[in-house]
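Think of it as A, B, C, D, E and F in the order they're written, each chain with its own count starting at 1.
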Amino acid sequence: MERTDGRQHYQLRPVKITNDFLISPHGSVLIEMGNTKVICTACVENTTARHLTGTGKGWVTAEYSMIPGSTATRKKRDRNGKTDGRSVEIQRLIGRSLRSVVDMDKLGERTIWIDCDVIQADGGTRTASITGAFVAMVEAMKKLKEDGEIDEIPVTGCVSAVSVGVVEDQPLVDLCYEEDSRAMVDMNVVMTDKGEFIEIQGTGEDRPFTPAELNELLALAAEGCRQLHEIQKETING
Amino acid sequence: MERTDGRQHYQLRPVKITNDFLISPHGSVLIEMGNTKVICTACVENTTARHLTGTGKGWVTAEYSMIPGSTATRKKRDRNGKTDGRSVEIQRLIGRSLRSVVDMDKLGERTIWIDCDVIQADGGTRTASITGAFVAMVEAMKKLKEDGEIDEIPVTGCVSAVSVGVVEDQPLVDLCYEEDSRAMVDMNVVMTDKGEFIEIQGTGEDRPFTPAELNELLALAAEGCRQLHEIQKETING
Amino acid sequence: MERTDGRQHYQLRPVKITNDFLISPHGSVLIEMGNTKVICTACVENTTARHLTGTGKGWVTAEYSMIPGSTATRKKRDRNGKTDGRSVEIQRLIGRSLRSVVDMDKLGERTIWIDCDVIQADGGTRTASITGAFVAMVEAMKKLKEDGEIDEIPVTGCVSAVSVGVVEDQPLVDLCYEEDSRAMVDMNVVMTDKGEFIEIQGTGEDRPFTPAELNELLALAAEGCRQLHEIQKETING
Amino acid sequence: MERTDGRQHYQLRPVKITNDFLISPHGSVLIEMGNTKVICTACVENTTARHLTGTGKGWVTAEYSMIPGSTATRKKRDRNGKTDGRSVEIQRLIGRSLRSVVDMDKLGERTIWIDCDVIQADGGTRTASITGAFVAMVEAMKKLKEDGEIDEIPVTGCVSAVSVGVVEDQPLVDLCYEEDSRAMVDMNVVMTDKGEFIEIQGTGEDRPFTPAELNELLALAAEGCRQLHEIQKETING
Amino acid sequence: MERTDGRQHYQLRPVKITNDFLISPHGSVLIEMGNTKVICTACVENTTARHLTGTGKGWVTAEYSMIPGSTATRKKRDRNGKTDGRSVEIQRLIGRSLRSVVDMDKLGERTIWIDCDVIQADGGTRTASITGAFVAMVEAMKKLKEDGEIDEIPVTGCVSAVSVGVVEDQPLVDLCYEEDSRAMVDMNVVMTDKGEFIEIQGTGEDRPFTPAELNELLALAAEGCRQLHEIQKETING
Amino acid sequence: MERTDGRQHYQLRPVKITNDFLISPHGSVLIEMGNTKVICTACVENTTARHLTGTGKGWVTAEYSMIPGSTATRKKRDRNGKTDGRSVEIQRLIGRSLRSVVDMDKLGERTIWIDCDVIQADGGTRTASITGAFVAMVEAMKKLKEDGEIDEIPVTGCVSAVSVGVVEDQPLVDLCYEEDSRAMVDMNVVMTDKGEFIEIQGTGEDRPFTPAELNELLALAAEGCRQLHEIQKETING
């Protein structure tokens, strides 16, 4: 099977993370993975989540949305009071993924609001959101440190995410929309820079998948995340 | 580590599936896994999902809810127009899991509405819902066949689900609520009776998990699902 | 006129109240009147209603819902933010009926949340809810007394309810769904064990009713409630 | 017990029904009972309720609302998508009461929308709404007849309503707000001009009531409704 | 062009402001401009808007609504949780217009709730609302002064509003509904009694308008507002 | 008075319109006015608004939203089912402004959906939205013409908009956020390239404004719009 854009099955699309993309938020990046473009911002609020008040611990929470012009057919806004189920799932995943590497005691009683606004969608928006949001979150923490509010950047590792899937029985990494819509198996993997898993979400809606396929997909994901961790670190340190 | 209820780490809680639990729905079961109790019903509607009208294909969709008295502290109802994020995630999972083994062409332009109403919650409500809902769905299909509406039961396999997790660094199967609340890693696995995966959702919110731990958890899940498939088949054929 | 199930016009369906039906709530019963089955729970919260804060008085409030599989055609859930008008009426009636026999000063600044979840509906769900909820409420109060939080059970009487109606010009007690759907006059009566009225709601949507019919209906209701009070007392004392 | 406004216990407040109060609706009246003032309008739509389409039958439905300035402390508008429970109960009562005297076959496939907008509230707004809405409905029917759309006014009787209650153990008719707020027992009675009951809603939230009290209250209601029927007929024929 | 009701292009419809229209609100008027009738009430609450707490400043806020029977075809109520866009615009305009002449320091930490409920609509309901609401607001302030809560009426000027528009290329003042529906240009002007502007909202949805037309419209509006200021002052002082 | 960024009172901020900003919509631009940045997209749907079906006429409608990271303090999303009042006003203004220059008969039974998503807000977002949306709309129309769906671009003129206001008694054009927050008078003006007005919305919330001030503001607006029309034409023709 040849990929539409000529990539090898183990190859990511071109990745670009633009730092300091907006002037107001504490941290903000534009992440581009091929044609997929997401603005990820991190805003710090000086109170923690309600259930943590008085514990000395902070919180990280995320929201995800797509602008109407981001998709092939105009996406309706969530204005009837019901955030669509897919968005709910995605923003819960982003929040969990980032929280897993934050030391909430060192963050202190603050909330970091992560917002991932997709301005162009071509597959992999949730994994791009996680990868970009991690950078925006660390940038916000750097600002807190510069302002003397915290002593060190309270993260225990670096988090990135990538999609993998099976198309025409071929495991692939970083599926574009056209590939994703034909995938028999679809999986999102979130990993640390130590090669450990934070989240695995694999679905065989078209057909079930075997343990052997699972192993191949996890190997592709591990290599993809490794490359993303490098790009994240360059952005943060650059 | 000893489990509160004296089980081995690889042992399921007592499982009981009561068939024909209610008089009205086409299929209805009460599934009990330890203290967790869920009413699963399957109601057939003679139109398919809107996006499938005219294709000859059917649809399976699911809703999940907990009655207020099911939890240790009273669970507020979803009456403000926002189904809570966790319920949205769960009911989407139930729907996907069942659809993966249904032959929609053979079902024809019908919708099977699955409802999972938790009346007592002690951990593992989403996996119990899937296991019970599969039985209710097949019962509804049997009624369609008896009524001469379809020629054969349009399923390609048997689906069950179980939770696994890591508690005090020990992988366990079928966690009760008390174990679940202390779990470092939490995973739900949906499998067919051929030992293939339909869905894997693993989260390390407390700490990331290693590839070795992943393998142990998947082995426990495979054995748990195997036992559940047997009980499902007894119920359906019994 | 003969009744479908062979009952006399003055006869209740078989009644069964199962106490301690669920493990979490302070009080919980399953009430069955024929095929009608309702789970009634009572959960105690240690704050009173907002408008009573500081008065030393408690509060009792109720919610009513039907699971989708409880009715002949699947009942849609109230998930668009609008509780349907019928449910609003019913839960207000349940709350008022229970409050009328509670000594709010003796209850103290607590709220008792009553939940009536119908799992199977065959007519008379609102009256069965009241009859069952009274038992669940008293069970919750007994637990409060055992825990030394109150000195005595703060109720001034026993409350039960029954439906009556006119079908083919014949007054009947405890109508099943099939009778209810043909009723010309429909009435719900809530009474104390002293033979007094707490609530009378009579409607002649199909045709008006005469004072003579009203008297017959009230006599049937009084006898029905008397029998229910006996069953309630056996359950509570048993 | 003396009434604040010097009335006897069996005396209604001054009643005035102004016909043709607004220019647009098919029927519209302003009803005043003492200080209680309600605008009742009837608008005809040329389709029946959805569940009646094709049956040849019409429908009557009602909505009830209070303007914010109508009450002693400003009443918040129902703008959060939840009509408050009390309004839901009231508008269902108004609709049922009017439907009970309409011959839906003779009305034909039309809907009459009744709107009761309270502009000043001093007790008895729901019963004044019913009494006024009946007149507005008949006026709308007269217009349909004048326009040759129907052959006769499709009503089988005249409907009025009045509140009764027990204050300081004294049964009273047509309670003003101050009396209503002190009532131990509160009852609304809807009757035809043949002395039959359409609806009885009696509540003893403060204390239960005896059969003897019930009889006294019903007698007061019957006389009150009789007087209201006369005023309605004068308005309609005048 | 001749106007349907024979008015000159510079002539207002008959204007009548009835003071003390309702018994409960601090201020309440019925304003009639031709067939347009609006009840305007002003209720005082003893807390200011949240963002002003502790500043010593008060607040004025407004809500606008039409009863269903006020329009030629029945107006649906805003009961789905979405106030319609037009009402939102209008009530924001009413609030801004009144606030522009209130000395919030002298009002003190109070909120004046303005409610404009249209009972009959024949064009110009938003401008009639402003003109009437100003009177109701001043009446409420007079009551505060009588009660010794404030030392002087905290307004810096008198506010009225009028609609102007271009119909068949002819600038007109105070358009009735029939004129408004044919208007090429539509403008609402809010002015003080010193001839200054508080708000100008001009729209050429049908066609753009020239600077010369703008000047003519503003001159008509100025004269209309001048006449309304006189009537307002008579009502307040009368 | 000197402006923070050194501009003259009649000077616009640097303006840049990037065409073809996104790949999916029929038309899409990024408009930047100083730090204000808005993505404007135009998507064509092949049905007209419901009230125009069968008339041969098309429709243009607009939605406006700000991403949370666009403002100095994080802007909450509209997810509770209530679009905030300010957004409602703005999107109605955008829609009206564009419709005023579209020949709906020539557009035919199509809807053009305009979406204005603010990614960075520094004052003047609604006027930038109109100016940018006009370009996106014409780009979408050019695509329809290229595809042979329409014969000519159905617009009768060019529309741009600019804000003007009075700060420290000095009339200014194109206010940035800091100026806007101190403005005594605030006005948005929408004009055609023939120097005619489409919309004027002027508000003196802080103090009323005189006819002389009005004239100065309108002159500043006319010159600002003239410059914007030139930039729009370059973008469209370039």
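Remarks
Here is the rule we use: a residue touches a chain if its C-beta (ideal position, glycine included) is under 8 Å from a C-beta of that chain, and two chains touch if they have at least 3 such contacts.
These numbers were taken from a predicted model, which means no experiment stands behind them.
Between chain B and chain E, the least number of touch steps comes to 3. Common neighbours of chain C and chain D: there are none. Chains touching both chain A and chain C: B. Most remote from chain D, judged by the distance between CA-atom centroids, is A. Per-chain Cα centroids separate chain C from chain E by 51 Å.
Per-chain Cα centroids separate chain A from chain B by 28 Å.
Rounded to a whole number, the gap between the C-alpha centres of chain A and chain D is 59 angstrom. The set of chain C residues that touch two or more partner chains comprises 81-83. Interchain contacts close the chains into one ring where each touches exactly two others, per the touch definition above.
From chain C, proceeding by way of chain D and on round the ring, the chains are encountered as C, D, E, F, A, B. Per the touch definition, chain F reaches chain E in the complex via residues 81-83, 85, 88-89, 92, 96, 99-100, 157, 187, 191-192, 194-211, 214, 218.
Within the complex, the chain F residues that touch chain A are 22-25, 28, 35, 39, 41, 43, 45, 63, 65, 67-74, 77-83, 113, 115, 117, 119-120.
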